[in-house]
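Letters A, B, C, D, E and F name the chains as they come in the text, with residue numbers starting at 1 for each one.
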Amino acid sequence: MLLAHSTWPEIDAFLKTSKTVIIPIGSNEQHGPMGLLGTDWLCPEIIAHAAEKQGNILVAPTFNIGMAQHHLAFSGTISLRPSTFMAAIEDWVKSLGRHGFQHIYFLNGHGGNVASIEAAFSEIYSQWSYKGIRCPFALKLTNWWDLPGIASLCARQFPVGHGSHATPSEIAVTYAAYPDAVRNVPMEPKIAPNGPIRDALDYRARFADGRIGADSSLATIALGQEIIDAAVPALLKDVEKFSTEVRP
Amino acid sequence: MLLAHSTWPEIDAFLKTSKTVIIPIGSNEQHGPMGLLGTDWLCPEIIAHAAEKQGNILVAPTFNIGMAQHHLAFSGTISLRPSTFMAAIEDWVKSLGRHGFQHIYFLNGHGGNVASIEAAFSEIYSQWSYKGIRCPFALKLTNWWDLPGIASLCARQFPVGHGSHATPSEIAVTYAAYPDAVRNVPMEPKIAPNGPIRDALDYRARFADGRIGADSSLATIALGQEIIDAAVPALLKDVEKFSTEVRP
Amino acid sequence: MLLAHSTWPEIDAFLKTSKTVIIPIGSNEQHGPMGLLGTDWLCPEIIAHAAEKQGNILVAPTFNIGMAQHHLAFSGTISLRPSTFMAAIEDWVKSLGRHGFQHIYFLNGHGGNVASIEAAFSEIYSQWSYKGIRCPFALKLTNWWDLPGIASLCARQFPVGHGSHATPSEIAVTYAAYPDAVRNVPMEPKIAPNGPIRDALDYRARFADGRIGADSSLATIALGQEIIDAAVPALLKDVEKFSTEVRP
Amino acid sequence: MLLAHSTWPEIDAFLKTSKTVIIPIGSNEQHGPMGLLGTDWLCPEIIAHAAEKQGNILVAPTFNIGMAQHHLAFSGTISLRPSTFMAAIEDWVKSLGRHGFQHIYFLNGHGGNVASIEAAFSEIYSQWSYKGIRCPFALKLTNWWDLPGIASLCARQFPVGHGSHATPSEIAVTYAAYPDAVRNVPMEPKIAPNGPIRDALDYRARFADGRIGADSSLATIALGQEIIDAAVPALLKDVEKFSTEVRP
Amino acid sequence: MLLAHSTWPEIDAFLKTSKTVIIPIGSNEQHGPMGLLGTDWLCPEIIAHAAEKQGNILVAPTFNIGMAQHHLAFSGTISLRPSTFMAAIEDWVKSLGRHGFQHIYFLNGHGGNVASIEAAFSEIYSQWSYKGIRCPFALKLTNWWDLPGIASLCARQFPVGHGSHATPSEIAVTYAAYPDAVRNVPMEPKIAPNGPIRDALDYRARFADGRIGADSSLATIALGQEIIDAAVPALLKDVEKFSTEVRP
Amino acid sequence: MLLAHSTWPEIDAFLKTSKTVIIPIGSNEQHGPMGLLGTDWLCPEIIAHAAEKQGNILVAPTFNIGMAQHHLAFSGTISLRPSTFMAAIEDWVKSLGRHGFQHIYFLNGHGGNVASIEAAFSEIYSQWSYKGIRCPFALKLTNWWDLPGIASLCARQFPVGHGSHATPSEIAVTYAAYPDAVRNVPMEPKIAPNGPIRDALDYRARFADGRIGADSSLATIALGQEIIDAAVPALLKDVEKFSTEVRP
């Protein structure tokens, strides 16, 4: 069930059967010469929407802009400051919590979001912790590549050149969902360099075409579909586990 | 051209031909028993994506959560505080401005967003105004229903019962784009009441099923398509005018 | 009754008879070569203070600095960032709400304030809406020129050259109240140009002497007095209507 | 010269002769059964406006709402949070600094404002200090009762019962300027108690009618006029000294 | 009892006997050629830790970074913006208040902190005052040099050259506690100049080696020990008085 | 070299030889019945101060309060909200960056700090990235237990019962540095449970005495000293590597 494609009485009805909602969250940022700017929000959206067709889950609109300051030297990147990102996450959570959702699950598509999302969770929990009132909802963050079975699948698919940004796995997922997105660009060098992540100009100086450690050209529609097919049941299971967690 | 479905070198190339970008912006909020929660962000997205197929424009990802505090007593509504909303708009604009975009056009789908978006524009301009440096980009907000010709079309389509929230026009646009979205729910009363907008519980006390002044049941796929077909050229023309504005 | 010229026991007594308070709100910003920098806060103050002599209303101190970033390239302008302005409005409202005022009416004198004031209202209401508690007070914004009868009066007074900034009507109101304020400056051009409002340097490049679309030289003491005389009963009636509104 | 009663070309002309501006700043808060709620902003306004008639100084609009959280249990008090107050002071200063004012002098009427105003000054200076750029303006805070000669005058006028809130001196100043403001209320007890200042309910529990250590009933129009007459030359001298300070 | 060297069950036990906690608070900033950068946080820590050995008091960790923007032109200074400093104080207080502490005593070592700390107190109290709920704890700020008897002792020790920054008294206290800290640097001039405090570059232009009005070379271990010995009983007495204050 | 025990001319001199500074950062929070509340800031301080005696490094004052909202249901815990924590980190970094430090190394002692510190780094870098100016300094976060060799040492020392909060390793480090801190409390159960971390009351419901997965009673002075002895050279090496990193 897609929240944005439902009416409020339908959400009221859903809430009688489940208190769980899934938020695909990502970033809109450069992904090298072969990857879409939307890769990081498209991937969790693709997986969550595919899962929604198979399981009785509720998927919120996609939180499509995240923390991507280090990519700002590449055109098309849109980034929120961590403080803005955190405030927005807080407002999403407060809104959903107000309706009675007790399990709010973020399916994340961008490694650079993790620290800010977790800091946002702590900021939200803080409000209850200072007051000494128990927070009525639980928050959970899962990166789609950390869903059980996915990392090992990607390692099998891309034993060399998986890397950590503009990876063939994430690009493959978008290619599988949007065949028009397939690009054919020679990678130079074949495998991009590695290094630390700092500000945007430092990043561009280190990573000339935007990739980190990855050979994006390994991405294919078929491999992407394989990932999606593995991620869907893994997600449904992970959400189920979260939803049925016993609260002490 | 959809920004999220492009690569950064493609945006670099686009920037050599145009400095204009369009951001569909809306809200995810109750739209009565017949309207989708996503109505207000789907409408500008539908129109902008249709326009993108006809003109040489660049459409950013959709800013899908807006200022909807007054709808929070209806399930599924997700709202940003005005202050959060403004900070996020600022970050989007700074990101795009950094890449060299000089004309940033927001196509809005939610009346409740207008004050906060304009306040955000002023907050952004302020930073230049206090310093006495000229802001390198221009910002523009247009509600899709204010595009030339649309208001008169809707008045013809819905001479009675158009109202101001969960209007048949906006619902029709979503029905045209997503035929599965069509709902058939008896309106009771046929035309919803009018009144002032305050906090969420006040709103719910005044507007029992969420509509304001509207008879949503007048929405049809055909009427929606008619609106889209009229909005697309109007948008392209409005964007062209903004892009070619002479700067004093 | 002027709040600032009352004692706290007198306000306690007033609160037994009425829960309404009026806040004149404006801006301190350039108004061309003939208009006072204080025009936008003086006008609502003049009208509210005149009304206070005729009706049993309570008028708070004047909120004299507003959102005027676009005027900062002209000396004497003092502007709050929208975010500051909103925080200050919130504090005024919380203070007055705490004393039991249930109808807080802002009589505004600056068009550039509208978006920020409405965003502030939403920010205040949000706090109640997220919590699901009904807000104990209602907020209302009225521009003095939108009081019933005023726009048509000004149209009759100034059929040509009324414009939208440094208008003869607002300048006339200040001239009527402060005859020493009358200036006699040749307008060049007679009617100022129109255009969009952006940052301060853009504004100055478009509007050389600060006026927009107006011929300030049409202002006279007599015309100003006529406006005040019409505005006073209109304000009293509007406030009465707001105060007696039935809450659902 | 009153800034709000001037036009922008007149301020431009003034800036060619002086870079100094005076801001009367106070608070709107209870002042016991005999003192006006506006006392703390009226006093510096009265003194500054009287001085403006005698010297070539520029007086900005009055900053009439300050930090008065401890008075909120008494009706009519309007308080800004320190953080809001500081942001607003920053915006006033940035606006005036942008026009070329180099000496910004706050004439304060409320002891409770002092910490927040000084913290605001440090917040403003910080922005230059972190960057290592010299701040182009100097800020100064003077309480009107600290102007040379005033404290000793008040001590002579009110050897007993001067106290520290709702003092006969501040009330006398408002009585002198607004004879209609004179109230005749028996003080019970004659001299109010002393004690620490904390939150609003603590304050009300300690200071039943709002006064601290003061016998407000000693205030007379004549004594108030005497204070004003002494404060005016003292202010002009203090401002002159500040304006001519040699910068190292 | 040192809070950081205790376990939570030990603090639980302490709270059954006392609701008072002492926070040494200072700044890390230049103190001229003879004074340690840590002087302002070391002094209150030294005194509080010495007092803790003699009385049944609880001493929190030292708040070691304060508001030192004016010293930023000298290497090693670390400053918080007033707004950051205030937010941090609020969080410390909320944390301690949550555990049931009712008397929170800040022993301060930096004059430049005073305004921001007091503004922070007001910000904290505000939250209760707007709501009309009594704040459950009391806050108190004491500068160590304002403890009874200390100012007169320092005046006797340093009749000439005490000054106001990098004073021989504060440096002596650190020398007494850390004999390795003793430096022997010729003071040039012997007594530093006085002047106003503004931004960092202005400060450096006025006060070449960082001192204000002081002859730091008068500091000795013996004089420092004398100050500590006097401050300890004065602190214990002041804390006792605060802890046993009767609440109206 | 300890920054707080140095003078500003000494830091000036140091800066001629090195642009690196180390900030021990931790938290003040419950560590079960045997661990000190200060454990998490004492550990990095102990290690950094020991390293400072052996290598030519500069150690800043300890940042002793971190993000510990989940521990607030245990007495003595002091927590900053993530947003406050981030603002404070920003101010520390800006202060040190202003003096010319180019390598700012945080040695962290609290896992719960990691997300907020990394979010703070991104917030700081953002300011440069939006502007398109290269950030003049590099930031690095290392948890002391992630220094090369430490995790394997702890695994050898505590093959069972190391856990993740109130671990025997961190407690041992404090015992080694402060022998008086040794407590002897029976652990019940011997090994604490594991589980997710949410708000404070949820935490207390899951982890009755505060420990997570740990048997704190395994801590001894000797084991702690062994950890310190291993951490010191590892830290010096890691700092050296960071300081000599080649910037692209």
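We adopt the following convention: a contact is a pair of C-beta atoms (placed from the backbone, for glycine too) under 8 Å apart; a residue touches a chain by one contact, two chains touch by 3 or more.
Just so you know, these numbers come straight off a predicted model, no measurement behind them.
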Intersection of contact sets, chain C vs chain E, gives A, D
Shortest path length from chain A to chain D (each step joins two touching chains): 2
For the pairs B-D and D-E, output the one whose chains share more C-beta pairs in contact. D-E
Tell me, please, which of C-E, A-B or D-F gives a repeat of the C-D interface, judged by over half of the contact pairs matching in residue number. A-B
Given that chain C and chain D share one sequence, their CA atoms superpose after a rotation (degrees, nearest 5) of 180
Taking each chain's mean CA coordinate, chain E and chain F are separated, in whole Å, by 25
Express in whole angstrom the distance between the two chain centres, defined as the mean CA positions of chain A and chain C. 47
Can you list the residues of chain A that touch 2 or more other chains? 72, 79, 81, 83, 95, 98, 130, 132
Going by the touch rule stated at the top, which chains touch which? A-B, A-C, A-E, A-F, B-C, B-D, B-F, C-D, C-E, D-E, D-F, E-F
In their shared complex, at which residues does chain A touch chain F? 67, 69-70, 72-73, 79, 81-83, 86, 112, 114-116, 118-120, 122-123, 125-126, 128-130, 132-135, 138-140, 195-196, 198-202, 205-206, 247-248
Contact set on chain A toward chain E in their complex: 130-132
For the chain F and chain D complex, residues of the former touching the latter: 94-95, 98
The residues of chain B that touch chain A in their complex are 3-12, 15, 28, 30-38, 41-42, 60-65, 72, 74-81, 83-84, 87-88, 90-92, 95-96, 98-100, 178, 180-181, 183, 185, 210
